[in-house]
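Just below sit the structures, each encoded as structure tokens.
Next, two complexes with chain A in common: one pairs it with chain B, the other with chain C.
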Partner chain A sequence: MFNLNKLDPRLKLTWCLFLVLTALVSRSILLNGILLGVILISELLSEKTLKNFKMLTVVLLIIGSQVLIINLLFGREGELLYSWGILQIYSGFIATSILAFLRIGIISFSAYQFGIHTDTMDMAQMLIHWRIPYRYAMLVPMVARFLPVMIGEYQSICNSQSARGVPNDTVAEKIRNLPASILPLMYRAMRISNDAALSVELRGYGRHASRNFQKKINLHPLEGMTIVCLIIGFGGVLIKTIL
Partner chain B sequence: MKPIIQLDIKALTFPDEQEPALKNIKLNIIEGEFIAITGGAASGKSLLLHAITSAAPKFYPCTLSGTVKVADQDVSSIPLCQMADYLGYMMQEPQNQMVNRCVGDELAFGVSNLNLSQDEIESRVNEIMDFLGIREFSGRYTDALSGGQAQKVVLGSILAMKTPILLLDQPTAELDPKTSTELYRYLGQLNREKKVTTLVVMDKSGEVLKDADRVLVMEAGTVKDFLPVAEYHQKYGCRKNNRHLEPLQVNENTDIIRLNGASHTYKGGITGCHPLNFNLKKGDFTAVIGQNGSGKSTMLKLIEGLVKPSSGSVELFGTPVTKKNVGELRRQIGFLFQNPDDQIFCSSVKDEISYVLNNKNLSEHEQDQKIQETLALIGLEGLDEMHPQRLSRGQRQLLALGSVVINDPELIIADEPTSGLNGPQSQVVMEKLARLSSQGVSILLVTHDLAEARDFANRIVVMHNHQLALEFAAENMDDYLDDLVRLELMEGGDDKCLT
Partner chain C sequence: MQNEQAIGKKSIFKTDTKSLIGAVVMGIVFVIACQITGQIDNMLPWGKMGMLLINGTVWAFFTGILTLLYKQPGGLIAAEVEALISIMYTPLWPTFIFANGIASIWVSFVAVKCDMTKWSHHILAQGGVCVLGNLIVAVGLVFILGLPVSVAAVSTLITIGVTWPLATLAQKKVYDALLKSGMVK
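Now for the complex of A and B:
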């Protein structure tokens, strides 16, 4: 069955770029709507659920409502529908808002989809295929590992502070305690990166000019053809928009 | 017999330090030997391993006068990344050493760097997963592992490289007794069958001595003794039943902690603990023991109010814990975390100790007096202005204890407070807790160390498979050894005993 995780990262990246660039180039609500639909359908086919997009959808709805208000107040496209003092509402505000919302949706969902369905080790291999030295390419999985670690460290500092009677539950309290949390967090970040650097070096990192991987990425001919089709497709959209 | 490691260190000195951190060390380690390294705090055990790997001075700037040879090669002429051809090194704090998001990638990291074929990488990773019993979490994210699981993964990544020398700095510090016994057995087997030269910085259990050939005793940066295990036992003695006998004043009528069928399930349906019915009486010193992942930490989080019960309720000092009163209740509790760095965030020992006094109406004189009394209690007098991170791990744990004690808590919750400490350091921390306990402070201790639980607590509670499985008086532990074997907390056999 179709599984986004198993696709070659180069195909996934091309797909993501195709979606983002097409959304930015095209002014067609229909085309943008179709693209957003395709993202959701592909996710549904692969994961049988859209729960990965739950949080992002909430954020997008909040942003979408702001876009709608801004266009309502400041949009000047279409015919004037209503005027009261300095407030003027034009008929084009809904179409503009929908287009903006679809574009933001496509960009965010496609980037997010690429991020969650592409193994960081696959990304590193993709960069190595593009002749980036592996010492730099491997920074991708390393960064992906350290972000949650540092979030965990921050959480443990907050827990220990609240365990010692410092109110640290609400966002406001966390902001108030930020100076007391940031210093130990910085110290820990330095100590962890120091230990990690020594650990990788002593496990032979940089020992050879190249490095092998447990699971190698392999571009299937069908995936290669799909990449070509996506590039041609984007070229078509670009030409149609210009003409 | 051929030496594989030759040390002739005249002095290893860090910048701005007058005294060398290592000095006058001249010794040979024979190929295939199993060496246990022991010594007090800041005696230079870990630094000695750093010197063998050449991380000191290549990674940690310092001046080394003398030579360190591995397989007849002067390590100063070998780039750090090439040391992987000779040795595998596991430091303390496994979470800091993992650099991959997935367990499988982490296990393959070292062997992949050696540019082995894909089949060889696959086979070595599979072999090590089966041995360490970590196949079930091979697909998990590394940041979701418990301390014990992380320790196994880092160790697996190093063992997969099949280096002729293994340097391990307290490799079982976060493992439960049964797993650490299994690990040492494997290291012993590896040493005997594959002739892997092994140097292990000993943790407080001393379990490693069963497989070691010789013991290197360090003191003040130099070798105090380097002797066979039998002689070490004769000279330094074994850990014996050292039950703390100061009478406790337990008030059976007052519950300090009460869990009424409290359970917790983490996001994604992961079980933290099943419904627990537990109480801690005033003045009680209860030890909670259990395997890695048995639910001990979740139980503590429920009590601390860091997670909400999915069912049931938690009462502290006779009051049901709610979001509103949890802050107030916490002020009567002192928390001692497994890693002292989790609770140290001030820039001097004095600031750290006095942190909780800031919200109290005490005069400067009263504050100073309380600080000095606490420093004396934890044995850190005269270090008021020192930055906490300049203290040793054992001293930092004592500092954490001091910052808890100064608030005169009615209850101290200690989560593996001696993990990562050596025998004497652990003894000091536990004796301080025992003294507080005899003064009427209730103590809830989570530990992997059965002997520690027996020696200091008056009641032992065993967690197994996320629930309370057994409860008994600490003095009767010997009667429950079969149950402890059944609950996989210690090895079976006729010679079962606590080390």
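Now for the complex of A and C:
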């Protein structure tokens, strides 16, 4: 059965870049709608659910509504529909907002899909295949390793501040407390990074020119052909848009 | 550290493991700080109009201070960590990749030419960060979010006008404190 996690990271990256670049180049609502549909269908086929996109959808709906309001108030494309004082509403705001909404959906969902369905070790191997020294390539798994650690550290700082009775309810209080939460986090980050750097060096990080991986990535001929097809497809979209 | 390769006093490169891992971890702190300030901005009137002024100030400050602290490629790594994790909360991430990268490289060039002890050095460094970064984001506002050019231009000018002085002030104060503590040599 089709599973996004098992595909080669290079194919997934090409697919992601194809979607992002096509969404940026094309001004066709139909094409952008089809691409967004393909992302959602591929996610459904692979995971049988769209719950991975739940949080991002909420964020995109908020951004989309802001874009709609700004285009409604300041958009000057199309014919004048309504005028009252300085407020002028033009017909073009609907098409511009729909296109923008489809575009932000494709750009966000495609990148998010690549991120959640690609193992960080596979990403590191992909970078090593592109001749990037493994000392730098291995920083990708380190980001994935330290992200939850630092979020936990931030939450513990916030809990400490509330235990001390620091108010953090209004916007003014949040702004006032910003240095009190960020500066200890920076201090902890420096301590953690110093410990981690020493620890990995003692384990031989950077001592040899290359390193081995338990699971190697291999590009299947079919995946290679798909990459070529995606590049040709993007070329076609580019030529059609220019002409 | 065995691989300490800081070449001379004025080098823009620092490739030891401590700098690389430090840049990754501080890049995550950068993301957390941007998330918090983004949420604060969204509660304020200008945030509802799409202008993230506090967030922009924190972004410019972190881009500058992390590049001064970890040099290159550490500054670039921290900036790109922020840009890539921003995939989770904004569709403007493609512009952040370029904006963060160019801003970090700009600070490195200023740090090589100047000793970063005067206000003018920090004003120059943050000027480049705020102007270049916000101009690239403005392109994203037009091409990704589909905002009218006039709205994107006004929003960008206001953001530059607010973030430049505030980020300069923060960067100078923190950099002086780091110099005094011996963390920056």
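Basically, the second predicted complex is superposed on the first by the 230 of 243 C-alpha atoms of A that agree within 3 Å, B and C clash if a C-alpha of one lies under 4 Å from a C-alpha of the other, contacts with A are read in each partner's own complex, and residues count from 1 in each chain.
In this text, a contact is a pair of C-beta atoms (placed from the backbone, for glycine too) under 8 Å apart; a residue touches a chain by one contact, two chains touch by 3 or more.
What you see is a predicted model; the values in this text were computed from it and never measured.
Visitor: If chain A is used to align the two complexes, do chain B and chain C fit next to each other or clash?
Guide: fit
Visitor: Would you sort A:Met225 into first (chain B), second (chain C), both or neither based on which partner it touches?
Guide: After superposing on A, A:Met225 lies clear of both chain B and chain C.
Visitor: Can A:Ala144 be said to touch chain B (first), chain C (second), both, or neither?
Guide: After superposing on A, A:Ala144 lies in contact with chain B but is clear of chain C.
Visitor: By the touch definition at the top of the document, which applies to A:Leu45: first (chain B), second (chain C), both, or neither?
Guide: neither
Visitor: Kindly classify A:Pro167 by the partners it touches after superposition: chain B alone (first), chain C alone (second), both, or neither?
Guide: first
Visitor: Quick check on the superposed pair: does A:Gly152 touch chain B, chain C, both, or neither? Answer first, second, both or neither.
Guide: A:Gly152: touches chain B, not chain C.
Visitor: Using only C-alpha centres after the superposition, what angle do chain B and chain C make about chain A, to the nearest 10 degrees?
Guide: Value: 80 degrees, nearest 10.
Visitor: Return first, second, both or neither, reflecting whether A:Met186 touches chain B, chain C, both chains, or no partner chain.
Guide: second
Visitor: Examine A:Arg103 and indicate which partner it touches, taking first as chain B and second as chain C; both and neither are also allowed.
Guide: Once the two structures are laid over each other on A, A:Arg103 reaches chain C alone.
Visitor: Which partner does A:Thr120 reach: the first (chain B), the second (chain C), both, or neither?
Guide: first
Visitor: Using the touch definition from the top, say if A:Leu61 reaches chain B (first), chain C (second), both or neither.
Guide: A:Leu61 sits against neither chain B nor chain C.
Visitor: I want to verify one number: the closest Cα approach of chain B to chain C after the superposition, in Å.
Guide: 5
Visitor: Both chain B and chain C touch chain A; at which residues?
Guide: The overlap between the chain B and chain C interfaces on chain A comprises residues 142, 181, 192, 196-198, 200-201, 205-207.
Visitor: Could you pull out which chain C residues touch chain A in their complex?
Guide: 1-3, 16-18, 20-22, 24-29, 31-33, 36-37, 40, 43-44, 48-50, 54, 73, 77, 81, 84-85, 87-91, 93-94, 143-148, 150-151, 183
Visitor: Please output the residues of chain A touching chain B within their complex, sorted ascending.
Guide: Residue list for chain A touching chain B: 119-121, 141-142, 144-145, 148-149, 152, 156-157, 159-165, 167, 169, 180-181, 183-184, 187-188, 191-192, 195-208, 210-214, 216.
Visitor: Give every residue of chain A touching chain C within the complex, in rising order.
Guide: It comes out as residues 20, 24, 56, 59-60, 63, 66-67, 70-71, 74-76, 96-97, 99-100, 103-105, 107-108, 111-112, 115, 135-136, 139, 142-143, 146-147, 150-151, 154, 171, 174-175, 178, 181-182, 185-186, 189-190, 192-194, 196-198, 200-201, 205-207.
Visitor: Would you mind writing out the residues of chain B in touch with chain A in their complex?
Guide: Answer in residue numbers: 53, 55, 59, 80-85, 87-89, 91, 93, 95-102, 104-105, 108-110, 112-118, 121-122, 125, 141-143, 154, 157-158, 161, 304, 306, 323, 327, 330-331, 333, 335, 337, 341-345, 347, 355-356, 359, 389, 403-404, 407.
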